[in-house]
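First the structure, which I've put down as structure tokens, then a few questions once you've had a look.
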Amino acid sequence: QDVIKVGVPLAMTGPYTDTGDNYWKGIKMAIDEINAAGGLLGKQLEAVRFDTQEFAPERVMQGADYLCGKLEVDSVHAGWAGWGQDVRAYGKYTAPFFADDGSQSAVDVYKQNAEEFFNIFQLTDTGINQAQSMFNVLMSLPYEYPNKKAVIITADDAWGTEVGDTLKDNFKEKGWKVAMHEIVPYGTREWGPILTQIRKINPAIIHVEIVSAQEVITFFRQFMKKPTNSILSYGYSIVPREVVGTMGTEADGLIGEVPTAMPTPEAPTPEAQAWLDRFNGIWKHLPQAGSWAAYSGVKAWAAAVEAIGDEKKHKEICDYIATKGYKGETGWWKWDEDHVMRAGGDVPIAHYQVQNGEMVAIFTDPPTKPYKNYKFQVPRWINK
Amino acid sequence: MLEIKNLNAYYDDFHVLKDVSIDIKKGEIIVMLGPNGHGKSTFLKSICGLVSKIRGTIKYNGQNIAGLGSEKLVNMGITYIAENRELFPEMTVLENLKLGAYSKTARPYEARNLEKVFALFPRLKERSNQLASTMSGGEARMLAIARGLMSNAEFLAIDEPSLGLQPNLRDEVARIIKEINKQGITVMVVEQNIPQITELAHRLYVLEEGRISFEGSKDEALGNDHLKEIFLGM
Amino acid sequence: MFVEIIDVIISGMINGSVYALMAVGLTLIYGVSKAFNFAYGSFYSMGGYLAWMIFSVAVINSYFIIFILSIPVLLVLGYLIEKVLVAPLRKRDDWEIKVMMITLGLALLLDNSYQVLFGARMKSLPSILEGSLEIGEFILAYQDIVIFILSIGGILLFRWFLNNTRTGMSVRAVAQNPAGAQIVGIPKEFVFSATFAISTVMVGTGGILLAQKYFVTPTGGWDILVKAWVITAFGGMGSIKGSLYAAFILGMLEAFVGWYFGMTWVLIALFAVLLTTLAIRPQGLMGKWG
Amino acid sequence: MDMDWKRNSQLLMIIFGIIGIMPLFFGSTNFIMHILIMCLIWSVVASCWDLIMGFAGIFSFGQVAFFVIGSYASAIISAKFSVPPIFAVILAGFVAGFLGVLVGLPCLKLKGAYIALVTFAVHMILEPVLKGDIGRAIGTGGSRGILTIAPMNILGYTFNSSDPVPYFYLMFFLAVASSFIILAVIKSHWGDAFLALKDSEQFATCLGVSAFKYKLIVFALTSFITGMIGGFYAHYVGMLSTRMLGIDLFVTLMVILVIGGVGKFPGAIVGSFITIALNEMLSPLGSYRPIILGAMVIVLVLLLPDGIVGLIQKIMPKKKSGKSLIA
Amino acid sequence: MLEIKNVTKKFGELTAVNNLSFTVEKGQVFGIAGPNGAGKSTLYNLITGLYPFEGSIKFEGKEIRGFPSHKIAKLGIARTFQIPQTFPSLTVKKSIAIGNYFGSDAEFDPAYVDEILKFVNLYDKQDEKTGQLKLLDKKMLMIAAALGTRPKILMLDEPMAGSNSKEILSLMELIKRINQDMGITIIIIEHFMKVLTELTSKLLIIETGTEICCGDPNDVTSDSRVIECYLGDGHD
């Protein structure tokens, strides 16, 4: 037997198809590279995909039973995978499992039984920490806020509420007033009533956290009909490729963040730059959120397998990853005791601003520092 | 005017009419009798293009019309007045009548015909804005007949016009049939409860078990004790 | 406060015109055939994708031409779908449920075909009219004005057609009693297919008009279906006038609830009003043709 | 009762006989056992749907909603009040059944697509309610969902999802019981009353059938069973989120009915096994899966309008129904 | 047995039943006739609880106004409809069983159902679906289902319409047997005077919802007002 099976449970149909696609591009790229270089321990990797559809609990469980139970794959690379449901489902098995849940609930489930869930690894930090980072950057922008009023608008999903609540606490602590904290369902495309209130408030910061392009584009366009003097912070909602793809330079001035991200357009190190160029060469666009994280997950696992010398020794491999980490394009990846890839060090959160129709990394965090020579620009709709 | 040869009609696999042949001349009044459920309505419907599975030939003014849809036949002047009325429930009496004149041939005469049917059935004029669904059994029958008269037909197939009508209106129906026949309209009626209609008939047919079991003038029929007892008794 | 309320009313009007546009087609098709078309939302997306193809593949960006080109396509498609898929079912006793099922299958097929053909990402179209009208403190996008005029105009025209023309009356006749319609000489099969086709055109062109504002996605039609369904039931299935009122009442409701209580309450409020209305008037606001 | 009942219960016994021995072949493959358990779960939910929609002619689209209500209810009841799961499941059935009656009430006056809408509204509202403040207050975990639910436990024996065979037989028992209840209802005078109300409510009520009572009974019964199965699901899977309310599950259930045949009772059971198996087999095709599924629905509705059971009935007619003209 | 007092029903402007009062005695065959649209069927609808109305209807001394239809059926009032109604999804036998099971407080009795099937001559067709029955059979079925409820009073709405002489005779025979052999009180709406004069012991004529006259059928049919508004000169 000279293949190693790798499970890839991702949404291939339904509303999460697009994010699934982003992760797949990174995973595929890593597998192809390993195979091209002669495989892992001399064996070729074979990706087996499983369509997680809408992450209904039994579907997540079914994916684990299929990939780990039936096919006995030796590692599983997912992206968004169920925000905690996945930990339970895959934690029953031993094959190393990499997810990009970015959610505190996944970590909470992990903590309930860290012993049993030794094979679970999160590729990004939680929403809480990401929101903390967004706040840090907002406060470090070289910009004088005209007032201390903020508006927070988030989607009604776990991610959105996690970010919204954290931001709110932070604002309050800093003496800001959160004049409006609105939770909206997906599919909201008429923002009139909300914008009416925003215009009355005239906040210094508007944070929008809805990871879906239609909602955030319509919000922006309707906002721009009569903008207020507000910094528009889109957080993770900046990532769906259509946001910048559709609006181009129209989106100039928006800021947002991506955890475990490869800063663009210029990578931090020559190796990273080479990776960026390779990605761009294969997929004809810059990597989207998650692509690099998913890629690195595969590579981290492969490195551990090489070190242990047997892909079946799941426990040893997991211990190796957890203790030794992995050296990637930008430096060291180290998982903490909860098997979470905490933001910082060599894998910080990248904070972007759209400039000339492109996502440009202007800050990394933590620690909060400007990225290279890229600078924040005061958005065009703000009256100086 | 109508030459019907070996007409067979089916509902799915259920064979209702079996080789029925009838000739109808222009200007005649034909009455068809027969026991319940033996195919009288089916026969009228078959002529009017309302039964989807038929075999045989139906010649109308020399042209074979078997298999043509009702929308064509109505335009050619063949109209059916249904036993179960088939009104448009959520439309007013007036709208129902207007739709009676839907065919191209009837359209020009709409106003004239409307006046005519209102004169025949004053109740309809009185209720012209009532919804058809709320009309009483007999009123709805009047409306169905009136709607049929709106079509300016040359050949009218009337199915049980007396069903649910009050006694003096039954007489009225006979009078109406006589009247329209005088105007040159050929009429075929399935009716067992208006003796006066049998009086009017040029010829009588009896349909039993999907076959014609008797054909002849009313005198011949009256001479037939069996028939007299069953169909002409009341 | 005053300014705010006017602003909210404007939003409500915009919602209303969009909703009216979404719902007429469904009202028509349900009113005529009593068939519930689950693929309604997919036809909406189809309009958007057609326009997108014309716009990006044929590089035509005149909306006039886009409409001229897509309407016949939608018309023929709608006609064929009715003839091939729906018409054969109508002979059955349980056709209502069968039609629901087959159109659900069609929706599944279409939506996922869009995804395979065009990708999961949304597509955008250029705005039909850039810029906005400013009256004092208020702003109205020209885009919204166009949608408002076209949707109201279209609906009024359509209502006039149904109530005042012979063909319109024949459509209503078929809706109420197909057998009766046949008797008076109305080609009922054709009327069924034609209304389905017209309904497809209405929702498809609605899709084009809204795509330039809301974009096109493979599964975006579900939202439309549900909204259109609520409006149609609220106004009275089959009543054009009812749908129009319902669209604006619900549009306003949405704007005011969203403004006052927050967006998450909109759906709950929408259904609460719908349920109350139906409890009092089971046939909806109007409940019949007209 | 009569012939029909005998025939159908025999058919049910054959179907369940075959299902019952499945673990002999697949008992060691968790993946397949899991799918089989899900097949059983959906077969009951679909059968309930068939009862209310196919037989009673009430276009209720709230089936998934009642399932989710039951599952949340059981999870919350067992966690908050430390009720043993098996009782929580039954209580969940009552919660769902009660809500079913509440939803049924406004539906009594409504017809066709209106009922579909009102019931679907329950489905639509459920997500914001479970995720929102109300939901969080009663312990739904908001948009996170409930990630820890006690496993099923009967008389001290704790079921474990890594050994699905006992779970399978527990569900099997539930499915058999539910199916025979449904069959008993359909083949009883009640079943006929549903049909009569569907055909002519006026006539039926003038013959003494209470439309009010019987419609509410179907609502109560179907949502009770569905809710109970939902509760079982919660303890079996061990976690819950509102994602079950996505369109996928709804469509899958509808496909089950298409394949099994609407109003052809044991059909839904056969349909669910075929549909779920098919869905799994098509799964590697990714985006093409729903396309093929959609195309299949279309073709089946056209060619096999009464589903599998309808086909079987056609091939093996009960009795030649001769019809003659002579009275 | 059935006491109608000052019953009025308005549909908007139209008064369909206008302050009507009459009493039906036990064992009677009570006839109702009158022009089209006089309010006869509406009256049935009021008695069986399909519409709300003003006035009072007492059955065996008990006020039944406001009762739901199914309760009224259980009390022993059964009816047929002018436009035949059947249950296309059910067989003939099951339709009757519905009446027997739900419409009567007595135990369900399959033998009784068989008896009725034979009584109305539908025994051979008991397993046929009712949708495609011929008109006469549908009417028979309605009567049979109504009898299934073991009624004390049976209300027939134009049972003869659409039948020929022979069929009418056999129907009359049937009605007589229901009345005499089964002891069921009967109210019948008909437009055939011969039927009414022969069958009924009391005949009520109404026009536009108002009573014109009520009494012995032979007297009533020769009443000039009745002849004028209803029967016409050449009546049968």
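Per-chain residue numbering starts at 1, and chain names A, B, C, D and E are given in the order in which the chains are listed.
Here is the rule we go by: a contact is a pair of C-beta atoms (placed from the backbone, for glycine too) under 8 Å apart; a residue touches a chain by one contact, two chains touch by 3 or more.
For clarity, every value in this text was computed on a predicted model and none was experimentally measured.
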Separation of chain D from chain A in steps, with touching chains one step apart: 1
Of D-E and C-D, pair with higher C-beta contact tally: C-D
Most distant chain from chain C by Cα centroid: E
Most remote chain, CA-based centroid, reference being chain D: B
Rounded Å distance between chain D and chain E, as computed from the means of their C-alpha atoms: 43
Chain A and chain C: spacing of chain centres that average the CA atoms, whole Å: 37
Centre-of-Cα separation between chain E and chain A, whole angstrom: 76
Cα-centroid distance, chain B relative to chain E, in whole angstrom: 29
Shared-contact residues (touching 2 or more other chains) in chain D: 128, 132, 247, 287, 289-290, 323, 327
Numbers and ranges of chain B residues touching at least 2 other chains: 14, 35-37
Numbers and ranges of chain C residues touching at least 2 other chains: 112, 115, 219, 264, 267
Residues of chain D touching chain E in the complex: 189, 192-193, 195-196, 198-200, 202-212, 319, 321, 323, 327
Residues of chain C touching chain A in the complex: 4, 7-8, 10-12, 14-15, 18, 112, 115, 120-122, 124, 132, 139, 141, 213-215, 217, 219-220, 223, 254-256, 258-260, 262-264, 266-267
Residue numbers on chain A that touch chain D, as the complex places them: 12-15, 17, 49-51, 53-58, 61-62, 65-66, 69-70, 83-85, 88, 92, 103, 105, 108-109, 112, 156-158, 160-161, 185
Chain A to chain C touching residues, read off their complex: 13-15, 17-18, 21, 156, 182-185, 187-190, 192-194, 196-197, 199-200, 213-214, 217-218, 225-226, 240-242, 245-246
Footprint of chain C on chain D - complex, ascending: 53-54, 59, 106, 109-114, 116-118, 120-121, 124-125, 128-129, 132, 247, 251, 254-255, 257-258, 262-263, 287-291, 293-298, 301-302, 305
